[in-house]
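Two complexes are shown next, each including chain A; its partner changes from chain B in the first to chain C in the second.
And now, the complex of A and B:
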């Protein structure tokens, strides 16, 4: 099936969604997605950041779709023409969605463990505005322990339902879900239950924001001061392929490996995640691929420092003011 | 006197019972359909009748039925949407309360047409007493052999169940209703797949409003063409209108579609004019979610033609100067009504009823309510009007289900037609009570 996204054509198999097709083309046309996760079935459709305009439904029915559609849940049709970044209407809608996601968000990035690898931060930078128009008290919830090693900051949650889907699809018996309705809905467990199973830690990995955090890593270190390496170990419960976050010789945390869209490649067990925090537990394969634009890549790669020095030299040559010099 | 097909017997004593209902021609459609027609013929009659969904969207019922997937060996379901929660709408309750067998009869006939062996009536929690009435009626129908195995000696069997919801507005949305019926959280599903392909328990399902299903009975008995003669253009048949607000005779009225709005409001047969001889200010024509229209636009279209009670005429002019027939919740407001206060009530409702699944509706409805509250408190600025407009435009059409639109449209229409009221409050820096305002104007005249 041929589909054109932002003027770029691609041939995809039947059943591919618009978002998947856009990701096949590349980052330049792929809409941002907060609630969609490629490894989780029926995920997506909730956050509405991936809205796109379908300018032509298909070759058979060339009419445009009346409303913007969630690209993560809409399958492509042959001859479909999709507008994403080229449609001002969609950019405006996305800006609106980001604003909605942020009006009740505490914006506590300076103390949030997710800062630096937070999808909402990226989305805010790309599509948000600098000031808020919301002048009311933000929604507040208590911080709770939702599992033995998992902390839930409901204030930060964007209700993407990913953790619910993880619990549904990779563990037996989900103990948590969404309670209440509307803007008072919250993630919580059944009465007197906690999330407790061998794969419970994966809810942390799939959380796109800092709502679910690893209690063994909380407040230990900013992520951009740690160095992610891909490593593996022999594990009876999972594949044992994980990402180990190092600071010097110390293993600060273990997470699943993420693909280029920040979505877990394979889910790992709690044994790997929490119990193996010595470097000798792991066979290190090499540095993890980190997006060059990510703050995590700061201070990791020599060439970036070289680049910085080079730019400063150029600026000096062009006669730019040296801010460090005293007048 | 307009023709009545649904509630013509509502005042007959004992019509709630099967015996009296049967004496007045009840269950004739089941007899006719099962004995003389094939299921497809019933569907054809419904198609011919031009019946449109009475729940609000006005989608042609026959077409909806014909979309039902019919794979071999897979159960099909008929679900009746009796989760009537739209503010200003109470027609289904009236029908079920007074003539419960009309719904049961329609359920059996429709199930036959769709090949559904099991049908459900999903009724909202607040209607628990109506659910009891329905259960009594269903029991009677079972005892008389209208429900159960081999109805009327044919090989058609049908079971009908009443399921009481917990009273969430969102469960009136068909996919949320199905989720709730399955025992899950009432969150709307993402479409496609549509219920006609994968509905209840993943099986093909048709979800119809109470009134739509009840209207199937006269269609089958009298024929679809006969039904199509009533009404105007593509708005065929009769419609139950729940009239409320500042009128002399609020209540449920059955009208022939195509009745002039002016006649509906002012004639003695229907609403009987505005209460206390006041002037008409505005009308919400189809339940709280449709755009409000000021008096001059509800009585006459922008082109100057008289506005009629029909899907097309009320929709004339799009949302710039028109509205929708919706579910038929006709709310009339007199000159002393504050549109801002009214809008606050609506906004609070949608904020409370948002399911919280998708972000624009979850966050936006609450935000709109808070901004409108500023007008009620008299702390709003002129820029808040623009802010409100912007928020609603960012909700409308961006959500999973139509609740986003339902929340955004009233706000948009109130600002579109009554911006001055918002600006008056913002400039005065206090809530301007419209009745007070009107009295002052009268003194000045």
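And now, the complex of A and C:
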């Protein structure tokens, strides 16, 4: 099936959603997504950040769709024409969505452990307005512990349901979900029932905001002062492939590896995540890929060669002497 | 081979009588010294007398408290990441119940150190601070004999409630107005995309 997204055409199999097709083309057309997670079934459709405009439904029916559609839940049709960043209407709509997501979200990024790798922070920075128009009191909850290792800040939750899908699909015997409805819905563990499952720690990784955070890493260090490396170990429960965040020789935390869309590649078990905090426990493969624009990439020199080539080009253009050449 | 044209041939000329007794040269030297008594002095008597400072002089840092006496710093690390000299380090801790009067936020800096030998007093930490906690003051950093004495901890940086530090000069109305401009940097990406879309 042929789809055109922002003027770029791609051939995709039947059943692909617009979001997946856009991701196949690349970052320049892919809409942002908060609640969609590629490894979780039936995720998506809650947050509305991935809204796109369908300018032409299909070759058979060339009429546009009347309203913006959620690209994570809409499957492509042959000859569909989609507008994302090229449509001012969509950018305006997305700005509105971000404003809605931020209505109850506190502005406590300086305190929050997720700051620096938070998807809502990126989304707000790229699509939101600088100031809030909301004048009422934000809803407030007490910070609670879910089990021994996880902290829940319900204030920060944007109700993306990703953690609920993890509890449903990855772990057996779901122990937490969303209770109440509409404005008063909240993540609950059936009255603070502890999640003691081997894979429960993955709810931290899938949380796009700082609502679910690792208690063993709580306030230890800001993420941009730690160095992520890909590492593995022999584990009976999971693949053992993880991302280890180092500060000097110290392992500050262990997370799953994230792909280019910031979604976990493989889920890891709690044993790997919480119990192995020594560098000798892990076989380090090398530095993890970090986006050049991310604050985590400061003081990291993976892109050094790329940078060198760029500088050399500039110097050549300016007529500098080649200092690397031997006389 | 001549390398320069500044060579001087040493003469072995005999000194005259006036030169030999040195007296005229001494008089000449004394006259120069004496004439300085009547000229304007370039130095001042420092601790008693002080030169005029720029009102926004950047000297030693202060970590401000709020009006209730709670520390404003929440240990977010923005100053440390902004610091070009990497002079700032910190360790954070969680506020316990009953400590609300000591720390403003849920998280606070248990340890906050500035290495004054590394610091270049650029003031970027102040710009980066989202909590208006760190400011540079007009106090000159004291001299010390040992290197480790230049690592200033919270004992030296946090202001004391008895002697609060006035930083209003560094928050000029222009600075305050600048901080309030909506969409200065944050909307850049969005407007860029929007304009691109319109062109399309």
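Please note the rule applied: the second predicted complex is superposed on the first by the 300 of 327 C-alpha atoms of A that agree within 3 Å, B and C clash if a C-alpha of one lies under 4 Å from a C-alpha of the other, contacts with A are read in each partner's own complex, and residues count from 1 in each chain.
We take it that a residue touches a chain if its C-beta (ideal position, glycine included) is under 8 Å from a C-beta of that chain, and two chains touch if they have at least 3 such contacts.
Treat the numbers as computed from the prediction; the structure is a model and nothing was measured.
In the superposed model, A:73 lies in contact with chain B only, and not with chain C. In the superposed model, A:319 lies in contact with neither chain B nor chain C. Contacts of A:15 after superposition: neither chain B nor chain C is touched.
In the superposition on chain A, A:136 contacts chain B only, with no contact to chain C.
By the touch criterion defined above, A:182 lies against chain B but remains apart from chain C after alignment on the C-alpha atoms of chain A. Of the two partner chains placed by the overlay, neither chain B nor chain C lies in contact with A:286.
When the two structures are aligned on the shared chain, A:91 is found in touch with chain C, with no touch to chain B. Common to the chain B-facing and chain C-facing surfaces of chain A are residues 92. Every residue of chain A that touches chain C in the complex is listed here, in rising order: 7, 85-88, 91-92, 95, 108-111, 115, 125-131, 143, 218-220, 222, 224-225, 295, 298. Put simply, chain B touches chain A in their complex at residues 168, 170, 185, 190, 351-360, 362-367, 370, 387, 393-395, 397-400. Contact residues of chain A toward chain B in the complex are 45-48, 51, 66-68, 70, 73, 92-93, 96-97, 99-101, 103-104, 133-134, 136, 158-159, 161, 177-178, 180-185.
The part of chain C that touches chain A in the complex is made up of residues 74-78, 80-81, 92-94, 105-107, 130-131, 182-187, 189-190, 193-194, 196-198, 200.
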